[in-house]
Amino acid sequence: MYALADRLWSFPRSLTGDGVRATIEALSRDVGGLDVHEVPSGTQVGDWEVPLEWNLYRAKLVAPDGTIVCDSAQNNLHVIGYCMPFHGQVPLEELEAHLYSLPELPSAIPYVTSYYERRWGFCISHNQRMTLMPGDYRVEIDTSLKAGSLTYADLVLPGQLREEILVSTYICHPSMANNELSGPVVTTELIKYLKSKMNRRYTYRFVFAPETIGAITYLHQNLHHLQKHVKAGFIVTCVGDDRARSLLPTREGTHDLDQVARHVLRFLDSSFTEYPWTSRGSDERQYSAPTVGIPMVSMMRSKYWEYPEYHTSLDNLESVVSPEGLAGGFEAIRQAIQILEENVVPKTTVIGEPMLGKRGLYATLGAGRFSTSPQTLLDVWSFCDGTCSVLAIAEKLNLPFDEVLTIIEMLSGHGLLEMSIAELR
Amino acid sequence: MYALADRLWSFPRSLTGDGVRATIEALSRDVGGLDVHEVPSGTQVGDWEVPLEWNLYRAKLVAPDGTIVCDSAQNNLHVIGYCMPFHGQVPLEELEAHLYSLPELPSAIPYVTSYYERRWGFCISHNQRMTLMPGDYRVEIDTSLKAGSLTYADLVLPGQLREEILVSTYICHPSMANNELSGPVVTTELIKYLKSKMNRRYTYRFVFAPETIGAITYLHQNLHHLQKHVKAGFIVTCVGDDRARSLLPTREGTHDLDQVARHVLRFLDSSFTEYPWTSRGSDERQYSAPTVGIPMVSMMRSKYWEYPEYHTSLDNLESVVSPEGLAGGFEAIRQAIQILEENVVPKTTVIGEPMLGKRGLYATLGAGRFSTSPQTLLDVWSFCDGTCSVLAIAEKLNLPFDEVLTIIEMLSGHGLLEMSIAELR
Amino acid sequence: MYALADRLWSFPRSLTGDGVRATIEALSRDVGGLDVHEVPSGTQVGDWEVPLEWNLYRAKLVAPDGTIVCDSAQNNLHVIGYCMPFHGQVPLEELEAHLYSLPELPSAIPYVTSYYERRWGFCISHNQRMTLMPGDYRVEIDTSLKAGSLTYADLVLPGQLREEILVSTYICHPSMANNELSGPVVTTELIKYLKSKMNRRYTYRFVFAPETIGAITYLHQNLHHLQKHVKAGFIVTCVGDDRARSLLPTREGTHDLDQVARHVLRFLDSSFTEYPWTSRGSDERQYSAPTVGIPMVSMMRSKYWEYPEYHTSLDNLESVVSPEGLAGGFEAIRQAIQILEENVVPKTTVIGEPMLGKRGLYATLGAGRFSTSPQTLLDVWSFCDGTCSVLAIAEKLNLPFDEVLTIIEMLSGHGLLEMSIAELR
């Protein structure tokens, strides 16, 4: 995942353009094929409109003495998103209005966009800005903004059920690591994991699209299908650093998926932070919108808005995102998917407690990954009346899902239980 | 309101009699007409019976030296409620059994009644009692207790719905301010407020009746209609001082009206006191009785029983009730009624989030009474799925009802929402 | 109860055998007749099998110098449960593997069983073990283990309803007091109490059986009947000392019987301990098993596992169980049964509050066991709308069931209420 993120680092991503296309192409190659879609500029998508396509070729700012102040080839954050093309000499006094920097984070290049207002500008560190000498600066911005299309990709992995789990991530930020590249690279790892899984229970739908306008476009083009088949889903965002665990629950916080996510996160890191719905900020804003109503959760590491490097050049692969961070971000969602796939409702057929001794079940207990006591085994069994799922039992007994599932499978192997699929609601 | 209370101050109110009639007449003039009802003494009203009519003409107690100890013309609290007529000379030793005072509140004349036992007596301050010299006192009590009638008044303001909101207050205490006059004068102000309101949603039924026996009489005479049409109501009592906010909720505390009352009081004074059902003490005892079951709340200032001047001459218009206190008491109930009238259930028709920018909604946000952020606007919008009322959204987001309603109306004005009336349950 | 426990003290009880039969016979004589059942060894009872019958005749351990180390005639805990017969000379080194003692409780003889593995052994105090001299010890164990039967007894006291309350206790531990004899002797007292009660509402089913295998056997022999008729029940165990009150609730803890048990225990001892379902350990494990699902509670004194003398010779009639402890253990269950028998749902027929004065109800209030205020009487009355049982009202008002029932009966006596039986769910 880390290597793939590194490969995608310098692509000039934005809402539209070749940077997005190159990113999708690289991801597609990595997972063995995605369906790519182009939606023409100007297409009405409900209350919105697909914007003009923007491409960044090169942007440079040259000081009066000829030294290069900044160059998009060095870091594509130097040019604001949807920057207009411009060539000319500009005196420092005038240039100031086109420069963006962060006095409170002086070593960081900020990330700035201007999607709906036409302007040009450069983002530089405040430290560098303080060194600029008076005089005329040469501005060379080669960008284009014209009718084109918005690009997104999706992939469907069919399962035994037609019910779908939606996994959506965004691909519209330039060179940033936790709040961009962690999302698509963890999503590709999830695709590989699910492809390798035999007998998937649910059908999985993966979406790679620019945030907001991409999700709205996707909703409009697939609304009927999504409303009919998608039960719930994940937004994959901010899953790359190793400093925190965070959850953005569904609107009501009472969906089975919330319980799944809380269960996984509690056992991974009991001090994880659950944020309120009002701190949402990614594409659950679209997928969970009132007329659509798909329950979505975000199982994150450090949440957008909540870490100092957010939306700056400091959110990079060196100091923020790490292989361990990505692995942990992947693992949380993988475990949640595992619960969705494996959660069953056990029902015993025995009258009174089963006799453990004659089946050698006492011996089995110590042998596996968990050192389960006979009392715990019988605690689990006492809930096997066909009303409680494995997850529900795990929550009641404060045991990890895996341990309860292991017990249930052991009891089932001895013919003491029947199992049916746990519905997701 | 304060002036009207002052005008009603000296009327000798009790369960029955001309003091009640004069009070009702003055109120009726003030609001432009009430329906007055007379119910003959002896009428069976369920488990009770309408009592004999009592009238106080004048009562005086004269000391051996001819000085007047007390005179009902000075303060009608001096004579106990339902006092029997009596004229005679009584030595101090014998008089003591007919005197009522409060050693723990020595400057106060207590309020004493003897509705169901025949006796005569005077209420005086303990300070004054301590000065009484031995000797024969002249007692001149001119009262009458005989068959007559109980008087109450009501008024119905029709609305678009036949569903009714009951607003009931009592008119049976003599010269006391918070625990008597604040109730009827705030109720008249509510009548004026609702008369001036175009397109009332609910029908409002106002009742002015003596406490307990009046409410029971009213119930008996209107039971079928009340059970069929009244959805909920307010007891207007103790709404005149400016020292506290108090709520007596419905029996279960889970009616929509409880939520309305708590919402209003929380934003008016977050430290308001919610009392338990077991501390109820006014006509919710009748209207919410098991066979009737109308959910009633009392949104009060200092609650009966809970302030030191309660049921004494110190509960007056000078030291307890103030124009500000009355205005604040009125305002709480007015806001609750406003919520009943204006609460709607919004439902969006947009797929995904609406685009605020193109509608100039960002600009609008700062312009009104509230400085609403775009995130707050979208928080509100995220609940517009046809299952949450404006009040429910306000409670979820901890925002005042008014602010959420303003947002909803703004979104509705842009065609982004449909609205239906919120049912009261 | 204490005398009966003393009489049963030395009977050599185990899962099967003449000690159980003698115990049942003594209990049967005490209550005037139980139905005794014998189930042959080898009978399949679901997942289990009725074991061989074991009888202890005498077991002695004699030291090299001829002194008797231990003798089952002195304390039948000295021989392990289901001990194999054995006669022979055994050197101390070899004997050690057959001795059981508790270093951490050196004065106690431990209680040890070996139901499913064939061995012989003696239990002695650790103090005594430390004094054993090297040399050859004479072992004389006269026991028998062979096909026979398992013995249990039951008794049904019919009531007006065919719905049954199950009361089950176990009779399989040798000389121990709180964790054995308190159960059967309190149960016999409950039988006498219920026999003396006219017009029982529920039918009561009493079961005396060895723990686990006895309950499983009982379930198998009566499954259809139990599932159809039994609404809930009590495990009578650990009801003999006077040091604590404990509750083991039903699995979900939300059955009416849980509310009954908590109500009784709270008023008997507000600091009683409620244990979680996972600390269950008696025959609720069978009766409440998933396929059977009878809600069972245990209203205990010091709970099994939770007191230091548990499963040792120190759990005796001198230092642990007392007449006061047994009386208090009986009283809790008796009160719970009283609530089951007497709980009703009151419904008033009065419109508005009843008039207390004309009925002399004020006077009545102070006269009984409770000094109930008129406000409390009207608090109770305010819930008499046909939706709340006496117990529910008592819980809402935090009053003892008895006090509320007294009020309800008083109001009913004045024709102010109708009552219907409260269903148990």
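Lettered A, B and C in written order, each chain numbered from 1.
Assume a contact is a pair of C-beta atoms (placed from the backbone, for glycine too) under 8 Å apart; a residue touches a chain by one contact, two chains touch by 3 or more.
Remember, predicted model here, so these are calculated numbers, not experimental data.
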Quick one: compare the interface residues of chain A with those of chain C and tell me same or different, with half as the dividing line. different
What angle of turn lays chain B on top of chain C when you fit their CA atoms, given in steps of 5 degrees? 120
So how far apart, in whole Å, are chain A and chain C when each is placed at the average of its C-alpha atoms? 56
Residue list for chain A, restricted to those that touch at least two other chains: none
What residues on chain C touch chain A, complex-wise? 45-48, 116, 212, 215-216, 219-220, 223, 251, 277-278, 280, 285-286, 288-293
Over in the complex, which chain C residues touch chain B? Could you list them? 347-355, 357, 375, 378-379, 381-386, 397, 416
